[in-house]
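What follows is a set of structures for review.
You will see chain A twice below: alongside chain B first, and alongside chain C after that.
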Partner chain A sequence: MSRKPVEIVASAVENHGSGREAVMEMLTDVNRELGYIPEEAIRAIAAAVGVSNAEIYSVLSFYSFFSTEPRGRNIVRLCKTISCEMNGSRDILAALESELGIKAGETTPDRRVTLETTSCIGLCDEGPAMLVNDTPHTRLTPEEARRIVAGLE
Partner chain B sequence: MPNISVTINGVTRSVREGVTILEACETAGVEIPTLCYHPDLSLAGNCRMCLVEVEGWRTLAISCVTPVTPNMKIRTHSKKVRHARRTVLKLLLAAHNVNCPECERNKNCELQELAEKHNITINEFQTSPKPVSFEEASPGVMRDNSRCILCTRCVRTCEELQSVAVIKPVGRSKEVRISTFLDRGLNEVPCTQCGQCINRCPTGALFETSEIRQVWEAIEDPEKFVVFQTAPAVRVGIAEALGFPTDRSTGKMVAAIRGLGVDRVLDTDFTADLTIIEEGYELIDRLKRALVDGDPESVLPMTTSCSPGWIKFIEHKYPDLLPNVSSCKSPQQMFGALAKTYLAGKESVDPSKVICVSVMPCTAKKFEKERPEMRDSGFKDVDFVLTTRELASMIQEAGIDFANLRDEKYDKWMGDSTGAAVIFGATGGVMEAALRTAYEVVTGQEIPFNGLNITPVRGMEGIREASVTMPEKMARGYEFLAGATLKVAVAHGLVNADKLMDKVRAGEVDYHFIEIMACPGGCLGGGGQPIPTSPEIRQKRADAIYAEDAALHFRKSHANPEVQLLYAEFLHEPLGHRSHELLHTHYRARD
Partner chain C sequence: MSEMKVLTADQQPETGAALKRALEMTAADVVFEVRESGMRGRGGAGFPVGIKWNLAGAASGTDKMVICNADEGEPGTFKDRLLIEKYAKQLLEGMTIAGYAIGSSRGIIYLRAEYTYLIPAITEARRELIDRKLMGSYILGGSFNFDVEVRPGAGAYVCGEETSLIESLEGKRGEPRNKPPFPVNSGYLCRPTIVNNVETFVNVPHIILNGSDWYRELGIGDTTGTKLFSVSGDVERSGVYEMQMGSTIGELLELAGAKDVQAVQVGGASGATIAADELDRRLSFEDLPPGGSVIVFNRSRNMMNVLENFLEFFVHESCGQCTPCREGNVRLLDTARAIRDGRITSREELKDFFMLAEIMKLGSKCGLGQTSPNCFVDIVTKFVELPGGKGGM
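Now for the complex of A and B:
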């Protein structure tokens, strides 16, 4: 049984303190445990640190690995930055969207896959590139991309 | 700090060490264009408008954040600088919705002015104008992010001046936008609707929710009896809003409003005086209950309640301190409640036909009038609120030649004003007015300050305190206060209110009475006042307010003849049954 958002934040405060410098740690803890950062968690972090809810939201919105919406069991993150785009990431995105039947930013109805685009993931020389959960896939072709996501449980 | 020598555009000058290039140039009379810079706020250095060339530097310097160093050679309009500035300006304009005629800030926009000054006629970067990207059902403050240039002045205003911090940059890179918690509407987050962000926005990304159309419709409707009330600070802002130097222009303002075709022009000052009497008696009552009766429910210090931005702030942030807030409605709402009861009777008009329009230096007043509890007259007490800027716009639309108007007087029954009411418009004014009246009520003598000018509570210091010691001989019934020292404090700008209330909550201070105004400078610096604003501008408006006070015949609220008549004929006594019904209210905690 998973813990409630406020409980995760409470133990994050115990582990990392409640200063501004602990905000990223708290967000990461919640994101790791729940797969996303719900509103209650943002409120709890803001209250613990003594800043506005908007400030915590501002911080987390900067990072594409943080989400405020529940996500699927697998997260596919396609790089949208310029090197990958010049190597054809738009075609990869089209292939992924058609294979999964969802748009970037959405989750399949069976919660199997969330499709996202991300800023640079440091694989510029091997683009187009994507991360599936924590595994990088490089030099993608549309067919390869379809095959990879079709095989996700 | 010692002076150092720098060269600005070939002229050697002596400037204070530690100042920025921008400040050094300002002192030297050399103008540098800025956008994200604002004299009320911390430095951001993000817009790049103020770039200058420094000899020996590889890149251009951001003058607003770069301190001068000895013998620095600065060029402010070299070819390199002009090229860079034009490019910066074009890039800002390219991402901006340049549909200027449709914008609230047309002709009063810093971006537009810079584009004109720098002769930007063709912009090779210009994309097609974006549609309006943000509209919301916010009662006072509206946003249109398609006009936003991401300078973050609003963000800094909300956090540094107001301690509210509901707007922040959200997202990254080209998706960055100024937004709120989970991108909600300003009406769904703890925004106080103070509108200070509007006053500091260089473009039209923030503006008030306009009610001009509704007010014109009411004026045109022969069935309606349209009653205008004007807040104290509007009379020192309206000239400025119409493009004239700051001045008090009460008589011209009354004439201009009459010229719009309204039925009665009346004064919020009348209910400001009334507020002083109700609030003064409430304070004396609280003191008696706390000091003599030992009533634990009589909470001190009592705080003022005229500023709707402050009220919304305390409801969100210090709900446990709500019992400290005076139960008096704000002068605007007292006026509305009386306009549809007392005034309707005096004028023999059907109260359902009365339309009460307030002219306010404030955007939070637009929120306040929508509070469901503000219907004690049996109708919506105040129907519409116009900011000083909106009134100026209506005067211009009507083609009224403001400068050549003859001074006119307010209409009767609720048009009398005293100097005590006028100073409500400046920080410390409510305190001063309250002391002028309360002291006299409890001692039977005038407060012993030269010319009734209680200077310790005046000024622009963020938090000020003062004390008044009562004489040994008191008026009958108030002997319990003999020799007592009344301790008071004044705060303006919610960041200062926040500091003060933290101390109240912690029990670190022993004040009896606190005046709080949400906006820096008080109402004269309100979110509905003319744009731009700066410490100098606010000081000029304050000077005009105190000049008006000094020039008025009556300077104490209880001396207001129409207020005396109101008590004699209608209310009967301060804190009486009718007062409680019409003039007092309650508050609630907000998420």
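Now for the complex of A and C:
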């Protein structure tokens, strides 16, 4: 059973302090553990730091890795920038979409996988590349990409 | 090809040797050595490193900060990833020397979220350096203390701009600040702060050990030292190459094995697009600004698709703070698609958009909006055939 948002924020405060400068780490901790940042966490962070809820929302909405909507247990981020595109990232995207039965930006109904496309992830020498959660996968083929996402729990 | 001295491989300094040497010098002498080396920041903007350190060292204020910009996000750049993977100790040593030089005991590595898997490499390097008294408290038995923490980004290209990065570290939206004040006087939490790129810090131990004269012998004119280039696209051997500043783009492409070249993007999406007849141009601040990203396009590539990809990137990554950048990139993307689809057929129709590109360069607050129109101007001017000649004005 995963922890409640307020519990995650409480331990983030313990680890990183309650200063404004700890906000990114608090958001990262919640986002990592729950896959998104629920309103309850926004309220808890705002209370800990001493700013308004809107202020925290404005921060988290700025960053593409943070989400306010529930996402899948696994997040697949396929690079769509030019070097990966020239190495066939469009074919990889098609393979992932067909394997998962969803489009980029969507989550499988069983909440197993969220599929996203992303700006350059710094693996241009080994493209096409994607991150599965924090782990890089490089020199993808459509078959390999299908195999990787099929194996996600 | 002329002799190439490879700073980060062949002449790998012994860990801690440069720090020992630095601590035998005065802080002012360390700054002087870095300034005399002529090294300019390796993150893209190219500000002289020694001048930045000198200003921060002289600034009034306590709790000065050394920040490493590890938010490498320019399309086509991956050299800093490789440096962190292989040279994390040298990076931390460079930061520690910087701390000594400006009078700071605290460093932060702002690491892009996409590189979270690199955290163990940094943590292990830090642990080893602390065990060997090369970081932490009472470094080498003296009175100097310095430690570094890693702080996460969350997927925002603009946070590579140093004031955006500082805003992000302070728990805010990563929107660039107005300058002045400059970070050297009032940066992170209003403290005097230097922000330098990963590659910049990795160069520091070499400069301290070998001296500024040695460093100045590398490179060309005022663009001293060597530079790492991440080469990708239509080449046989993509990867990171170290070249002396002033090498030609052609020499670099020969190393990487590029054939049938149509165009080369130098400096990433925000850099310059050069055509096949410009390969003798030199990678230096006097000619072709030596950004870390080099993407090669062969003749089978449609450059309008390249332009569309770059502009989609800028539309997504503009922070939205300044109107010229927020709206301008959208308009340039529309225009690029219109050219590709044949809805714009004459040079006359493009006039307003070249003017818009100028306005974006002049009217945007930070480097993102100031440089994002480059690809539009370069690609449309050099690669688009319209009645009456190529697209340029």
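Here is the rule we use: the second predicted complex is superposed on the first by the 144 of 153 C-alpha atoms of A that agree within 3 Å, B and C clash if a C-alpha of one lies under 4 Å from a C-alpha of the other, contacts with A are read in each partner's own complex, and residues count from 1 in each chain.
As a working rule, a residue touches a chain if its C-beta (ideal position, glycine included) is under 8 Å from a C-beta of that chain, and two chains touch if they have at least 3 such contacts.
Please read all numbers here as calculations on a predicted model, not as lab measurements.
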Touching partner for A:S98 - first (chain B), second (chain C), both, neither: neither
Which of chain B and chain C A:N53 touches, first, second, both or neither: first
Which superposed partner A:S11 touches (first chain B, second chain C, both, neither): neither
Larger contact residue set on chain A - chain B or chain C: C
Chain B versus chain C as contact partner of A:T141, first or second or both or neither: neither
Touched partner set for A:E85, first chain B, second chain C, both or neither: second
Touching partner for A:F62 - first (chain B), second (chain C), both, neither: both
Partner chain in contact with A:S119 - chain B first, chain C second, else both or neither: both
Which superposed partner A:L27 touches (first chain B, second chain C, both, neither): second
On chain A, positions contacted by chain B and by chain C: 58, 62-64, 119
In the complex, chain A residues that touch chain B: 39, 42, 51-55, 57-58, 61-64, 68, 119
For the chain A and chain C complex, residues of the former touching the latter: 19-25, 27-28, 31, 49, 58-59, 62-66, 77, 80-83, 85-86, 118-127, 131, 134-136
Contacting residues of chain C [partner chain A, same complex]: 72-78, 80-81, 112-117, 151-157, 168-175, 188-189, 230-234, 238-240, 265, 269, 293, 295, 297, 301, 306, 309-310, 313, 316-317, 319
Parts of chain B lying in touch with chain A, wherever the complex brings them together: 159, 164-173, 179-182, 189-190
